[in-house]
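By letter and in written order, the chains are A, B, C and D; residue numbering begins at 1 in each of them.
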């Protein structure tokens, strides 16, 4: 029997469950030197905003134990240039495309959704709501049930019915299931878990925070236990909502861990910085593990850790 | 649109340590590679994973290529000069002959080589001298006159091997503590050399403050300045956006530009050498 | 000039700023085989509850990248046996004692505070409010401003004026400064930051969560960037409230990082598991770093990263 | 009150690797130590930090002491049997002669040695045989008859060196796959040996399921059973409370008891061998 490695999220279908993580795959072209992008389940683009953005000043990163901090600050060309330049090239590669969008206001999300709506061949929309809301004292949309809902509603109203919406949440909240319920209720078809954790590194030589913006987002294997917990909790609370899992996945074993917790597909972020071919290695290892554990369909492994514990030796 | 992308020759591979020798404060390391060595140009760098299995270090480290050669039997050699500093470089400097390390190479832009013979000044700070010797050889082969200035905090941090020195017409050394050469900084001696040797182009590699100072000197005198910059890099292959500098493009627009793809070698006059920790006014998208 | 390594928190004085972290130093006796406890700034005891507690079933731990998960579940003999057996021995060692208490109800905290009030020679009371509140659907006290306040108020009312109260907070909240303000307002003299992050590891062989209780607390260097961020934020918000910092400190450099962020003293937890003498190594390294950086008084380094950035090279 | 504390002889020190040999699925490693070796008793263990500088592994790994000897010149030797399994044990098994590792030793309780000569059965599962050979020697020296049963999944996982076998009167081997000795589990052959050799005490070390099965056999027959348990240990020195088992104390109360301090050698009949993942009813403080 051949193993069926395909997966689906809210109508979006992927030939395999390994995707890139937003902001960790450049424009796609850079990675295509190491493997054909079409080997990915899909590429998730960097989060794109309405207007061009310089991002933050450097230093923008600091390595941390089993992880890193970044404060790129969503550098990018803005949605118009992005749709004109980046998307056509990606389409030529035959890779499924998930566009990630980010806004500074509810209206931004509405504008972005309308722009994406007009583009053919987009498999899904990831809505990064872990951004500061300039209209609300810079509080992150996903940190507040109301603003999280408003951002997702704005996308829902403007995207039309074709493209599934995946809301990307931050783990920096007291109860992530509360935010998850809220955005699903507002029309999200799926959830992306988790974005980075807010962290800081102080340079003990200069005795100032290392990053120019002081705080940054913590990613990498260090945060994997937080990702697994968040995915497990949300999958338990909303078993019918598909989850795109991410956070510290650096091997097939790690991806499998997120899948068992409830992820229908897995994004690879920081691991690509350490190994340009990480997504391909992870994909192959994950397939091997699934087969070794006796799964015939990848989809049977999703959320498998939630089954009742047996009495036998377990 | 043809957007910038990584060195088209870049590949990922395991390379065996052939030799590892302590030279002053540095380790000179030779790695066995295949024909990839023939694609490396002076200024290119490699990105190496450090720490081995179970490491807490998730990011590659970038190192300038000191020399890349292909032996008659087809074996390629890549040579690096490592300053054991933090955990990553110390791990690398501790590799033994026969160990394998994972590399991505060659990466980044190379120093531009003039088509005509010119009078060139090469300036290196600390291990920034590493890529300059191979550059000097290429320039000499093109009939250029090559002067060199190397600066460091102290004598042990000047990397200037004998065989390297052969390819330069003059070598001036400066140290912050006066333990070798002129007591002072490279920028103290450069104007004099420019004048006496009638320098037409400066190539430099070293700390950002040095590159910025050299840019001022070269701009004043209308001299070309190609510098190899060193921003913290998380990936080395253009996918993370951590390594950016504000750089003026051909269209006159200043953008936060990836130094791992559009660099490390850049036109010094196009770089906006502000204090770090600030986006200068006028940068696209600020 | 000799370096003054002493520090103080809300009236409690310590000869040096290195303490153990609650739950990471056994009864003290075990560590005393590796160094004299009196070399510590203070020992912080495991969190003690009103009644004896078996703690959780095993497996209680899982190693994670640069960290570990634990779900000890506050195993302990209960306050009466603890005061009778553990405390007298610790007093003989000439080490300053910080008692950590934990309750399942507001009344528990009141009872514990009254019990501790009667004991002479206690330098401070650390109040662990990162425990499930059985009266509030098991929600952790420190996750909710109201319950956090109630627990600390109960301690404040019952402890009397002698022993400073240090409230220990969890980072698993949307805004830690909100909780910090609340407990300081309720009478906490200082804050302990941070407790562990909620995490999970799934055993990819059994395909069940590794810990018997599924989730556990993430500690170790992996969480240090979160600790530094939390300490920095809270010190900025409440500059007059002393902070006992902790979270992933494994070297003098790490301790210094937390001090620069705003910690008046630093607790060493997980590092002791990897190296029984960790606290002593860290103490010595921290002293060297402070001196090297030109500090004459340790206390001048507290929160030093908050100063205005200079124009010079920095 | 005299509360339990760690092995009073325990110290922390760096030990040099003197030898590292592959034996079947295991690495037999010899470490150079000082007089600490003279304090180690059969059943004691060491806790080793793994991974080296920059490692992501924050916890020590525990290993049973296979043999501890002091040479006439005063040099102490500690021998371990390592099963390369995950990152930590694999790192250790890859250490070369001359490398240093950091140890805390000796830790934990030792097997109790009867004052009179008795007929003893030693049962080891996998690398659980490691501490039994030194125990066998001590027992022989006391005039005991020593029978031994070793079980593993397959032949390569039976650790039974020649010199070790010398100190036992009989050695029975079982493997799950029948690749050596009797096809089956140690518990299949133990009752027969108890009967034929008139066994008075069982010493065991191996997986928890094996120890639990042996406890059933020994309880039925009223035979003493000292077992060395293996719970996940984060610290090895009694400060973390991760390594607990429900054990009945002398006062008859069952407490969650640290196996790194009150173990690893425990009286099998006092351990409550429930399924893990549950606190049995009646445990103090449940």
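Note that in this section a residue touches a chain if its C-beta (ideal position, glycine included) is under 8 Å from a C-beta of that chain, and two chains touch if they have at least 3 such contacts.
None of these values were measured; they are calculated from a predicted model.
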item: Labels of chains that are neighbours to chain A and to chain B; value: C, D
item: Where chain B and chain C overlap in contact partners, by chain label; value: A, D
item: Result of counting contacting C-beta pairs for A-D and C-D, higher pair; value: C-D
item: Maximum centroid distance from chain D, chain identifier (CA atoms); value: B
item: Chain A-chain C separation of Cα centroids, rounded to whole Å; value: 33
item: Rounded Å distance, chain C centre to chain D centre (Cα mean); value: 35
item: Length of the line joining the C-alpha centres of chain A and chain D, rounded to whole Å; value: 46
item: CA centroid of chain B to CA centroid of chain D, Å; value: 55
item: Residues of chain C touching at least two other chains; value: 65-67, 220-221, 309, 314
item: Where chain B touches two or more other chains, by residue; value: 56-57, 277
item: Overall pattern in which the protein chains touch one another (line/ring/star/complete/other); value: complete
item: Parts of chain A lying in touch with chain D, wherever the complex brings them together; value: 65-66, 221, 309, 311, 313-314
item: Chain A-facing residues of chain D, complex; value: 56, 209, 275, 277
item: Residue numbers on chain A that touch chain C, as the complex places them; value: 64-67, 69, 143-144, 172-175, 197-202, 204, 206-209, 214-215, 218, 220-226, 228-229, 232, 248, 253, 256-257, 260-261, 289, 293, 304-305, 309, 314
item: Contacting residues of chain D [partner chain C, same complex]; value: 1, 3, 5-6, 8, 10, 12, 49, 56-60, 102, 104, 231-232, 234-235, 237-245, 255-256, 261, 276-279, 283-286
item: Chain C to chain D touching residues, read off their complex; value: 23-27, 29-31, 33-34, 46, 51-63, 65-68, 70, 72, 75-78, 84-86, 212, 220-221, 250, 270-277
